[in-house]
Every structure is written in C-alpha cells, then in structure tokens.
Amino acid sequence: MNDASPPLMKPPLPRILADRPEKMAARGVNIHYGDKHAIKDLSITIPDRAVSAFIGPSGCGKSTFLRALNRMNDTIPSCRMTGAITLDGRNINDPDVDPVQLRSHVGMVFQKPNPFPKSIFENVAYGPRIHGLCASKAELEQRVEESLKKAGLFGEVKDRLHQPGTGLSGGQQQRLCIARAIAVNPEVILMDEPCSALDPIATARIEELIDELRQNFCIVIVTHSMQQAARVSQLTAFFHLGTLVEFGDTDKIFTAPTDQRTQDYITGRYG
Amino acid sequence: MSSLNAQNPTLRRRRAAEARFRRYGAAALALTSLFLAFLIIDIVGKGWPAFVEHRVELPVTLDSRKLAEKNYDGLIKDAIFARFPEAQSRGQRKAVLALFSHSAEQALAAQLAEAPAAAGQTVKAEVLLSDTADLHLKGLSHLADPAAIDALTARLPVTAHFSWRFFSHGDSREAEEAGIRGALIGSLLTVAVALGLGLIFGVAAAIYLEEFAPKNRLTDIIEVNINNLAAVPSIIFGLLGLAVFLNAFGLPRSSPLVGGLVLSLLVLPTIIIAARAALKAVPPSIKEAALGVGASEHQAVFHHVLPLALPGILTGAILGMARAFGETAPLLMIGMVAFIADVPGSISDAATVLPVQIYLWSDLPELAFRSKTAAAIMVLIAVLFAANALAIYLRNRFERRW
Amino acid sequence: MVLLVCSAVAVATTLGILASVLFESFVFFREVPLLSFLFGTQWAPTGSPAAFGILPLLAGTILITVIALITATPLGLFSAIYLSEYATPTLRKSLKPVLELLAGIPTVVLGFFAALTVAPFIRQVGTGLGLDVASESALAAGLVMGMMIVPLISSLSDDIINAVPQSLRDGSLAMGATPSETVKRVVLPAALPGIASAIMLAISRAIGETMIVVMAAGLAANLSFNPLAAVSTITVQIATLLVGDQEFDSDKTLSAFALGLVLFFFTLALNIAALRLVRKYRQHYE
C-alpha cells in the first residue's frame, strides 16, 4: 500500500507574516450556536503590529470569529467552540486562562459606540480601575490623559473630562471607546465595524487613528467597506458561509485574488 | 510577551468577589423561596386538623315526656350521664358535658324530624365532640379532663371524619361548629358585584382611552389619574365607602353590595390597565381592514377589535378578581366585620367575607379557632391559586402572535 | 359619550376620596387644632381628655417601614440581579412564579403569620438573649411586611435592569470586567433612577399596608423607635377607630379621616414622584 496521498497544498504565506511575528492564531476552529454551524474548520494566523481586516458578506461569521478571539462568545449560552485559538502561542481556552484576564490583553471596540453613562474621565479610567493598574490618582490621571491622546481625542475633550461621555458626538464617542480599550494596555484590539455608525469625516479620523495604532498594537477589524479594508489593512481575510476562503496581503487580495468567490465579492458581484 | 497566568493575586481577589456577589443573589432568592415555603408549611401544619372532626355514636333512649316537650337537650344529657354513671358531683358532670358539642341537641332534633321514632325507643345519635375533646384526641391540647377522655373513648365508639361541616356551616361562637360557608357566599356575592361593575366601567374606560380618546388635557388627566389610583392604599377606599356609600347614600352597612362597590373601585385600575394592554396588542391593521370595508368606527371596535382582545381582558378580570377576593382592610371600615352566623341570601344582607373571617377568627383565644383560621387561609389561597392558574392558562392558550 | 363617562369613574373616585377625606378632616380640625394634631406627642383618641397628636403614629409607621425596607431592598434587588444576570432561562422560568405567588398572598394571611409565628419566635429569641421584646413587636410586623414587598421591588428592578442596553454590558465585559463588576459599576448606576423609583413605590406600599400591622403591630401608640417595642401606625388607627359603630360627630371617628388625609397625601406624593422618575429614565433609553 503506497498509495500516494495528494501533496498537502499549503497556500503561500502572506508576505506580511514573514517580516512580523505571529500574535494570534486559530487552528481548526468550529463554532456552533445551538444547531447552527457558524464557523467551519477555520485556521488563520494574525500578525503583530499590523492591521488585519475581515471582509465577507453579511452573516458569514466575521463577528462570531472576532468575538471568539477574546472569548466574548462565552457570554452567549448557546455558543460552543472547538479547536484552538492562541495568543502568543498560549491557548486562550485553557482551563487556567481566565477570560477576564484575556480580555485585558485583547480589547474590543464595537459597531455602535457604547460609552458608559459616566464622565469621559471615568469611561477611560474604567479598565485601569477594575484591573487595579494604577497605584495612585496621579498615575490614573496620567494614564487617562495618555490614552485619550493616543486615541486623538484629548485636545477635543480636555476641558470637559468630567462631563458625561454620552454627550459627545458619535465619532468622538467611538474614539472614546478606543481610548477606553487602550487604557488597559492591551496587545490586541478587535474592532467590529467601528465606523459603520459614523459619517465619512468621523470615519476618516478613525481610519487615521487605526493606522497610527498599528505601530503599537495588533489590530483586527471587521468591515463591510472594501475601500476601508484596502486603506487601513495590511492583511485581508475573506470569509464566506462560515469558512475562511482566502487570506493574504491586502494589495494582493484586492488586485489578484486566487479564489473565484473572492473575486466575485470584491468586484461587487454579490454580498 | 503576554502573561496569561491565572495565578495573579488581584485576579484571585476579583474572582472571590465575583463568587461572593453571585452567592448573595442566590441567597436572596433562596431566602425568599424559603420564606414562602415556610409560610405555606406553617399554615398547612396549623390548618389541617380543622378538616377533621371527631364524633361519637350515642345511643339515646327517648323518654316520652322529654320527647313530647321537645326537650332534646335533656334527652342528650340523660344519654350522656347514662354512660358516665360515676359522674355525680356538679364538677364531674360539667367535665363530662364539656366533651360534647352543644350542637348535639339540634342534630338530634333534625334527625328525629327526618326519621321520627316513638317514645321508649333507642336511637343512635351522631354527636359531635367539643373543640377541647377534639383537640385532645388530635394530641394538640390538654384542656379536656384526661380521665373523662379516657372514659369516653373506652365507652363510646369515637370516629374521625372529614369535616364537611367546615364548608357547610356559617360562623359560630362554638369553635367545633364554626364553618366558612357564610364567608364564602359573602365573598362570592361581594366579588361578583365588584367584578361586574369593575368590568363594565373598566373595559369601557379602556376602550375609550385606547380607541377613541383624543389626545388632550382631559384624557391626560384621566390617564395619570388611573396610574395614581392604582397605588392608593386600599384602606383609603374603605374611608371612601364609609363616607360616600354608607353615610351619604345610606346603603346598607355590612352588605356585599357596598363591599362590592368599594372593591370595584379598587380593582378598576387593574382592569383598565390590563384591558388597554389587550386592546393595544390587537394590530391596527384589523381595525383598518374593518374600516376599509365600510364599517363605522364603532362597529370596527366593537365587532372586530374587542372580540380579539377578549382573552386578554378576561385574564385581567381574573387577576382583578383575585385581588378583590383577598382584600380585607377596606371591608373592615364598612362594617363587614361583625359576627354573622347566618349565610347571606342577597347582596343587601349583612355578610362577611373570607379574609375578614380569617381576621376575626385569628383574634379569638380558643386554640380550635387557630386551626380554623389556618384552614380558612388554605381555602383562600387555594382559590387564589386556581384563579391565577386559570389566568396563566388563558394567557398561554389564547396568546397570539401577529 | 357613555365611554367617556365610564372613564371618568376613575377620576370621580379620586375626587370622591379627596372630597370625603377633606370634608371630614375639615370638621375634625374645627375641634382639634391643626398644630396640636401635627406636633402632638400623644395619641389617645379614646382617653379623657382625648389626645390627637400624630407623632407617635408617624414614628411607628416610619419604624416599621424602615424595617421592611431594610429587609426587602437587598432581597429584592439581589433577586432581580441574579434573575436577570446569572440565572439560566429555566431557573428564571421556575423562580419567577415563586415571586409571583408571594406577591399574590393576601396580606391578612401574612398578618396571621406575623402575629402567630414570627412575633412569638422573635420574642422567644429575644428573651433568650435577655432582651425585653413586646409580644407585638415592630420587628415582626416590619420583617413580614418586608417579605411582602420583595416581589414588588424585584419585579420592578428586573424590568429596569433589563432595560439597560446589552451593549453597555458587552462593553464592560470586553474590558475584562467580571459580571459582578459590570453589574456594580455599569448596570446599577445606569439603572439607579429606576431602582430609586421602585423603592419609592415600595415605601408607598409599606406605609399604606394595613392588615399586617393591624394583626401584628398592635394598638399602643408609643413614641418609640425601638424595633422590639410595640408601636402603632396610621393605618392601624384608621382601621381600629372605624371598626364597629361610628357616630359621625365624634372626634374619634373624624380623626380617622384626618389620618386618612395624611396617608393619602404621602402615598400620592411618593407615587407621583416615582412615576416621574421612571418616565424620565425610560425616555433616556428609548
């Protein structure tokens, strides 16, 4: 019996992964909501200090997979996951990994800005406070200021730090949420359609911000806008019906996709 | 490099706080459930003896003179003393007589009226034991003379029966004879009046507010008013009943009519709110369709919308009824709190209701009344439970999703 | 038109209450000066000379209400939090009827339980500890009244907590907060106005509750804040003054209406304030 098994065809690794270390990785991930099979045998490697974009038609499982990366799916009772997801090589679903701690390493920004009904200062101070990251009030104030600066919001709100965060404009609120997320010094920031509720000017501000943040963070962004993916990301993954169809360098995906479905999607044939 | 280790002291502290918080929540629910369970067990434990009564079969020899004089009391006493020949002193005789209920003479009279017997014959009379003897036999008290009890059980066949009397008799000064029939009928009449009036006015108001009312100051006032009325303490409604229905209108005191009037006002907000919710749940397309085929506004509402809202309204009515059935305080104020042995025949007779009967009995010193009180509570809760179960059934049965 | 008249019945009821209570109170205050009613420290309507100072009754009402709230607020609030944030749907489904059942128990039943089971128990325990406990202690009435209010607070709070948008919870959890930190730092602060209004409605319920206190708190109008002493409340006095035959010209009867006026005023004020608060809160999250 020497029936030659077909040679394992490995897709060529994206260029971007060659010059950046791997941050997160998924191997053979399946996710079910009750009977619904939402993610099918998905494997992917996400590089550090770069922006990875997830694109694909609605309902294909982008959000589901994104939420698996910081175990937010744990909060949905019907949701079950198998397979392995790692952060710096460590399986995040290990029994001795606490999701609470994981989420301080892997932050998240949502589609709709969701500042807490507290002051701007308290919104940003929320994470450092619960994780006990700052010993003194001065240190806390410093960290809040830094985070707001990194999020490009400090100049606009420095005179009203103690007014409610819900009083800001939509774009400002979303940057506040980004400031809130980076205040705990995460390594990865997940963003689920962070600009879909914003106008073009606010969107441009956030895109700029994402581009700056990639110097220090590993960023994963879900987007429906192919232009946005093309503008901000270095690596793009195309999802379709719960599977990862294709992933690679953004310029290559958008200029020379290998899969017909990707081709159809980016040329607007469906989705 | 990330440090995803769980062995961090801050995290351990936070996890402990989390577990503690969760335990507080579980403890609150457990405590509340436990309270309810304990309440029910306590009531049932106190109340079940009232559903059992002890009787003896006493052979009564019909002395001709006493029979002619209709001196049934004397006949019973003779029969009793014939069985206790050793009781000679006044004290001993009293102790023996205290074992038997005073109702024995009426029971004998009734028995003889039904099946006449000639003088000289011996008939078997079913004689109810007194409350003290009954409690002694149930092991609940030792107020009766133990020697007399021993003699009694040795000489006469004592049997335990389910106490139908509890449901077929009105109130009585004698604990062993007291029943809840009067109170139940009183409750029935009162709730019927309350529900009848409450439904008429409540549903009419709901239809007006939901379907016809223009948005103006007047309807606004009505609306705010209904919400506030729902939270007015029930005892205030009693003051209203006293001042207006009794004093100003001169309606009969203690009557189910006045009780029902007061309770109808009390349940009005409940019914209005439930009926409005039911009407609101009927999609506007139904009304529009009816209007579209040429029905008038009135026809559309009364022929098409109202029937569809009926199950919801009914559920609200049952819940209002349950509320009225358990209400006590306002009825105290309009005189439904007197001792009334007769079963009321109409809504203008003096009557009492089950919750008030419970209140009255709970104040009495006799131990037997304590178990009667608990037993009456069991009946009250059983009725409320049935009403709520019916409401839930109706809601599930007719709940429609458009 | 007929329908409009029917709707007006509710308004007429309120007016009727107001008119009857105000009118009799007016007659009462011609006999007894308003100031001695409001600031008198003695309540003895049948004594000679009769005294009509409401302060001991207010003290008793407040004492029992406070005991009830101390019991009911943590129980009700924690129940609501557990049901909405932790319980599985099946547990929630089986525990809600328990609370509904408790809410449906008539107060005369709770009064019986308070007077015949809880009060003797407290007295026994207290005597065991060397305390002087009245047989009709404020504590017994207050505790049972608290249990009566638990379902009210928990169901109102449950609604209010559920109205807090899920996105806020997600935001907090995604920051690495534990569920309890999320509840304490995000959900409860956001729900605070609603919970405050629930507690106000609970206070109004406790002040107006009659049967539990009539049966378990007693008649002695002591000016005392000792939970182990017997106190009397406004509702107890209204009920006992008006039981039996009333002549409408005696101060004793009329004083009940004056007490009714006070009670009506307090509960109405609490209620209006609570409804305002809750409406504002709802608009905030609509």
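Before moving on, here are some points about what is shown:
Every chain is named by a letter (A, B and C) in the order it is written, and numbering of its residues begins at 1.
In this text, a residue touches a chain if its C-beta (ideal position, glycine included) is under 8 Å from a C-beta of that chain, and two chains touch if they have at least 3 such contacts.
No experiment lies behind these values; they were computed from the predicted model shown.
Set against the C-alpha centre of subunit B, every other chain centre is closer than that of A.
With centres taken as mean C-alpha coordinates, the chain found closest to the middle of all protein C-alpha atoms is C. Chain pairs A-B and B-C differ in how many C-beta pairs are in contact, and the one with more is B-C. Distance between subunit A and subunit C, defined via averaged C-alpha coordinates, is recorded as 51 Å.
Taking each chain's centre as the average of its CA atoms, subunit A and subunit B sit 63 Å apart.
If you average the Cα atoms of subunit B and of subunit C, the two centres end up 24 Å apart. Residue numbers of subunit C whose C-beta contacts span two or more other chains: 178, 181. Taken residue by residue, subunit B touches two or more other chains at 14-15, whereas all remaining positions touch fewer. Residues of subunit A found to touch two or more other chains are 100-102, 130-131.
Those residues of subunit C lying in contact with subunit B across their complex are 2-4, 6-11, 13-14, 16-17, 20-21, 23-24, 74-79, 81-83, 85-86, 95, 98-102, 104-113, 115-117, 147, 150-151, 154, 178-181, 183-184, 201, 204-205, 207-211, 214-215, 235, 238-239, 242-243, 246, 248, 256-257, 260, 263-264, 267-268, 271-272, 275.
Residues 88-89, 165, 167-178, 181, 185-186, 189-190 of subunit C are the ones that touch subunit A when the two sit in their complex. Remark: subunit B residues 14-15, 17-18, 21-22, 24-29, 31-33, 35-36, 39, 42-43, 46, 200-201, 204-205, 207-209, 212-213, 219, 221-222, 224-229, 231-240, 242-244, 247, 265, 268-269, 272, 322, 326-329, 332-333, 337, 355-356, 358-359, 362, 370, 373-374, 377, 380-381, 384-385, 388 touch subunit C in the complex. Taken in their complex, subunit A has these residues touching subunit C: 70, 72, 75, 77, 100-104, 107-108, 110, 112, 114-118, 126-127, 130-131, 177, 180-181, 184. Across the interface of their complex, subunit B is touched by residues 87-88, 90, 92, 94, 96-98, 100-102, 105, 130-132, 187 of subunit A.
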